[in-house]
Amino acid sequence: MLDIQNVSVKFSSASEVGAVEDVSLTLQKGTKTALIGETGSGKSVLLLAVMKLLPATAEISGSVLLEGTDLLSLSEEELETIRGDRISYIPQGGGNGLNPLMRIGMQIGEPLIDHRGYSKKKAIAQSVELLRRFRLGKEETWVRAYPHMLSGGMRQRAMIAMGIAAGSRVILADEPTKGLDQDRIQGVAECFQYLQGETLLCVTHDVNFAASVGEYISVMYAAQQLEYAKKEAFFEHPLHPYSRAILDAMPERGLKSNIGFAPPHDAYSVKGCRFSDRCPYKNKLCDEKKPPFIDVKGHKVRCWQYAD
Amino acid sequence: MKKTYLNVLALLLAALMILSGCSAKPAPAPSEPATTPAEASTPAESTPAPEPAESTEPKHVEVLRIGTTSTNDTFNLTTQGGSFGVMNYNSFVAGLFWERDEFGKPQPGAIKDYSISDDNLSITIYLPENLYWHDGKQVTSDDIIFTFEYARDVLLSSRLKDIVLTRDGDYQATITFPEGDSAFAYVNGQTSWLKIYPKHIWENVADNKEYMGEDRVIGCGPYRFVSVDEDAQLATYEAVENYWKGEILVDKVTVKSYASQEAQIMALRNNEIDAIYNYSGPISATLFPTLEGDPNCDLGISPDPGNYMIMFGYNEAPTNDYPFRKAVTLALDYDLFGQTIYGKYYNIPTKGVIPTPNMGYNSSLPEMTYDPEAAKAVLEEAGYVDVDGDGYREDPQGQPLNVLITPQNNKSRAELLTRIAAVIADNLDKIGVKTTLDEESLTSREAWSARSENGGTYQIYIGYCTSGIASYIGAPMYIVNYTETGWWGTWQDPAYMDAYNKVRASSSFEEYEASMLELQEVIAEQLPAVSFAFGTSSFPYRTDKLDGWINFPGWGVINPKTWYTTYSK
Amino acid sequence: MLFPFRGFERDLSMKRKIILNRLLISLGTIFLIVTISFILVNLMPGDPLVNIMGDDQYYRVKYSDPELLEEIAKKYGLDGSLGERYVKYLGNILRLDFGFSFTRNRSVLDIVLYRLRWTLVLAVPATILSALFGALLGIRAGWYQNGLLDRIMTPLTLVLNTIPTNCTAILFLTLFSYKLRLFPISGMASGGLTGGAYIRDVMWHMCLPLSVMVLSRTCSNFIHMKSYVIQVKGEEYILTAVAKGVPKTKVLFRHVLKNALLPYVTILCMQFGHIVSGSVMIEVVFSWVGMGNVMNTAISASDFPIMQMCFLLTAVCMVVSSILADVLYVLLDPRIKEV
Amino acid sequence: MIKNIWKEFRKNRAFRLGVILLLFFISMAVLAPVIAPYDPEALLGMPNQRPSAAHWLGTNDIGQDIFSELVYGSRISLKVGIVAALAVTTLGSTIGMVAGYYKGVVDKVFTVLTNVAMTIPSLPLTILLVGFLKTGMLGMVVAICITAWAGTARVVRAKVLQIRELPYIQIEKLMGVSDFKVLFKHIVPNIADIVMTRCALSVGGAMMTETSLSFLGLGSFTQKSWGNILHFAFYRNGVINNMWWWYLPPILCISGCMLGFVLVTHYGRSRSQLIKG
């Protein structure tokens, strides 16, 4: 459905090091994939790169095939017809992702107006249906409300509704749980369940949320993709030491490790594996050469341990 | 990335230079250092009223467009305010008792004639039988009597406190002054100011300034007020049919008020107006270059009876010391003063301070000389020596000397007075005398009146005597310490006082001129004041369409005679 | 519709309390300004009688009979202590009697209103035009950042904004009036015209002062508007809109404009507030007889009633415009609850 | 501190131009006696001369060298600008700080006062005040100060209100640290950048007012500032006689200097946010 091949992103204004390095990810039709990573690991930049929403200073290489067409090579006009229609991006719920001066109904219905030629009234009516699908409650009233009148969770639901309004099959969600408390996160997780058949790529730093939503899990660290596996495989026996450390640090597993997860500043310029400085299984090779992305029976990992 | 800001700034600079630099007219040539004698002829030789072309009747002037700087806002016969007030000095709408001719002598205005008794105490006024108010009523001696009573009681003219008025018939009345007063001086003093008031309009008006009745503009002069357009500041007047005094050649007159002299000059140049009339406001010399190149405009230069002068303070050292005053008069660069105030058109002043066109001008007095070395010698000899070697002289007692220059507080002339003060400061600096500008009195009226009022405490005072006041008493009045006037004069010298009183008490022109000559002798001897230059005043007018202008000295081409002599070509 | 929800009735009582509070503050401000201006004006050095009676008459009367001077002072209400005059002045204001001008012996009301008419003739179109130009150019420069317009306008407006208004006025006067003789030097009308010709004539006189005013105000409006557009462009909801595939121009009109115009409207209201005071500099240079000009001459002629009236009028107008700004803000921005 | 100013100097083009302009005018003021060929007060004979080798900018209506006048004028204009700006900024920021810090009645009073000050049209009020005060520079500086503090007060108050809510300030107050210490140890450093920006902007504002006042003839006649030169250029008909060398340089100096101060306030702002303070 959506095939991300060796995408790298470099910002000319920032330092020479890239924000995203050689990430490849294929999303099967109707599957839900969660991308885990700390802030600054480049996961959000990846999403924006896919939608070509990055500012002009970003140089994107590689290709993104959406049902065969490479989004990165399209012109701005062509992209406009695709964005919101066949692939949509959902920003963080917590921030002001919604226009404060426009009613919720109008904002949700906007893709319908632009892509399906709906009239304003019809679009708003349709948005009520969409909200009902996410069980917002009292949908007619909330449709005429302004964003600041909704709670964080309700705003996130509205965002998701906005994403699928025009019936787009691929949804990229950028940290939908940011700034929400525990039961709100649960609510958002349920919303993602209500999705029928849409392909989802959800970026988050909340491992539990990734577990409840994602069928496939991938991990990013210091602009590189470290691991990609099915959910069950990833949670039972994570291959990469960084993944193992993340899982061990979870309260459910007894807070066993506490190694600090954000990559240090100089991690980017290291010749070898960027996690080497904290990796308990480090050997000489890890320092000199960059580990390749090895496929261990469908379970990909970037670590010399598994090189045969 | 090129530096956009620097380019834009440079671009802007260049654009501004080019735009204002590429003036079509050549910039004013630097005024030649050599003084050129005032071109305008002195009044004595000015030709009598030019004869209109013999063959045909002189062509009437349809509209005479006058530009002035006084505003068209108050239209009231009894006040002097606004353009209406100052225009009435030319017996325009108001009938004047006495109007002034180009030689500065009082002539009967709207009245037929007048005579002064031998004892110089009473004036008899004869009215013409065919003089009518603009509302049709006839002017009778009741109006004359009423005018003097109204002036005394409502307009608070202290001069008329105890006069005696007698009605000698329908068209004749006499006014008698108390002992010791001078009828001739009163006539000379009231010329161009005193107007005949219509009794039937003003007799029941207590507060003349705030009277708003339609008939407040009714007069008995040659012109009748028609209308005023306040937005455009344009007032229109039309001639009275078969006016008793003679045929009026100018049928209609419009008076437009301009906010500045520049606007007036440009209006004249653009043929929006025919002539300029500002009461005691001749066009500043710095504007001459704009008109000099224009064939259709004449600068209207005439010798100015009024002038700018220094008055030395007698209540303060060192100006009460004669040698210091003499040194100052020697140190002044009269050419530079002339150029600063009058541009090219000025003469070196004489010691008599009274300029050429005034009655009783004493031509025998020597011209002022600019001789800094002699000035230094006088100072050295009088004990003003530089003791502490700072380059500036100390007074004879060795105290530091810092002479204060106090300009008259006058908003419209502030720039010129400051420039004159700067020139004085530089001239005195060159002979080693330190000076400071009395900035307080320049900007705050209160500080100025405290320093100058009623025999002031100033040292060097820069004052201006307007052409109006110069015409009947002039500069001497400012010099003398005459408590009654409250002016800033500080001089008490007995010789000067009796010469001055003789002038005031003179009962005829001859007597006035004789005493004036004597007065100037005393001034030349004591040097209580010094004139910067015998200058000129300029009231420009157009020469392409109209002719028959008579240029009154210091007054301009708009004067009581304009209405009868100006004709279109 | 101000409140989208019926559920907010209970707010109405709170709303009324806020409005009341707001009015109280405004009246307080006006009262404060009136008092301050009265004190400032009346304590000004220099005896106003000098200007009322004219120099020579004032000195003559002052020396010959001072009690007469006292009597005249009483007629113009200049006698008595400051307190008494203040109370009398307040009484007059409430009765809308603003007294008689000292120098022009006409009632202050019709002098100032006549001048106000001329200031508004100049200031209202200037404010509207500069608001339009400022907004249009600002939006375009802000939206197409580093585009051709932005690269030219930003440095230009920055430079023009620092040139004092009287300097620009002088330059315009020299260039267009003296040299090219395209426009009249000064004044507001050339007189003797009626109807259409009169209107055209006044417009012809207005051109120069209006263009100087518009130029200087457009620059500051442009800079403000551009900064607001840039600010809004960086907001998240704009990214959402683009992500929804909303075409660029629609993003500008539906999302960016409304959010950028909100603060812009507040500055405009403030500018409307300053309309009444007129621009002293432009009116003096072009001798445009408006409020600024009459204020300047009144101060030098220490004409108390006119000065007090001018300050009062400006204060009232400013307060009204700040209330207007608040009300507009509440109407446009649902986030603001209390007025 | 100096290091990052130099870094900013190299990177931010607006800031660089601002610094260059300011250095140019300040050096002109400081080195005035050296630069000016003649004494500005001295009369050099020929009035109304066009620019020539002897007089780079010609002479004015009484023969003083305009270039020397301009150079010495920079001293007075800058002096007025800077002194007034310092006074305005200190007054404005103290009022702003006090109003922001001590909420409640003090804040209410100051807000009403600020509103009133913002409401009264500044120029007529300044003209009125100049009538009151002694003429000359001091009177003008005080007049400018009285009318110009409101802007700074409002901005500083808003910032102080923000800082006041920060936890570490609350903690300081809980620990019983004296208000005075909190204000000067914590709050002042935080508003330093705002105060600096307002100070630079108010120098521009003060110079603008000084020019307007001098132009209306209310400035000082003895001390020749740029505004004063412009006044004489206009009222002694230098403008109508198209003596551009007399009225153009003061205009360029005034706007150049003010542009310098405005651009300097772009310190630390990226090129895209060219917003006026």
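Letters are used for the chains, namely A, B, C and D, taken in the order the chains are written, and counting of residues starts over at 1 for each.
FYI, a residue touches a chain if its C-beta (ideal position, glycine included) is under 8 Å from a C-beta of that chain, and two chains touch if they have at least 3 such contacts.
These numbers come from a predicted model, not from an experiment.
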Per Cα centroids, the chain farthest from subunit C: A
Chain closest to the assembly centre - both centres taken as Cα means: C
C-D or A-C, whichever has more C-beta pairs in contact: C-D
Separation of mean Cα positions, subunit D and subunit C [Å, integer]: 23
Mean-CA-position distance for subunit C and subunit A (Å): 53
Whole-Å separation of chain centres (CA-atom averages), subunit B against subunit D: 43
Centre-of-Cα separation between subunit B and subunit A, whole angstrom: 90
Multi-chain contact residues (two or more partners), subunit C: 45-46, 158-159, 171, 174, 178-179, 300
Residues of subunit D whose C-beta touches two or more other chains: 131, 240, 242, 259, 263
Residue list for subunit A, restricted to those that touch at least two other chains: none
Each pair of chains that touches, named by its two labels: A-C, B-C, B-D, C-D
Subunit D residues within the subunit B interface of the complex: 13-14, 17, 41-43, 45-50, 61-64, 131, 134-136, 217-218, 220-222, 231-232, 235-238, 240-244, 248, 252, 256, 259, 263
Subunit A contact footprint on subunit C (complex, rising order): 4-5, 235-237, 239-248, 250, 254-255, 258-259, 262, 332-335
Residue ranges of subunit A in contact with subunit C within the complex: 51, 53, 76, 79-85, 88-92, 95-103, 107, 110-111, 114-115, 141, 144-146, 148, 159, 162, 166
Complex contacts: residues of subunit B adjacent to subunit D: 1, 3, 5-6, 9, 13, 16-17, 20-21, 23, 25, 27-28, 30-31, 33, 261-262, 265-266, 284, 286-287, 289-290, 336, 339-340, 411, 414-415, 418-419, 422-423, 425-426, 429, 436-437, 439-440, 442-444
Interface residues, subunit B side, partner subunit C - complex: 4-5, 8-9, 12, 16, 19-20, 23-24, 73-74, 80-81, 156, 158, 209-210, 229-234, 254, 256, 258-260, 262-263, 266-267, 270, 272, 411, 444-446, 449, 453-454, 483-487
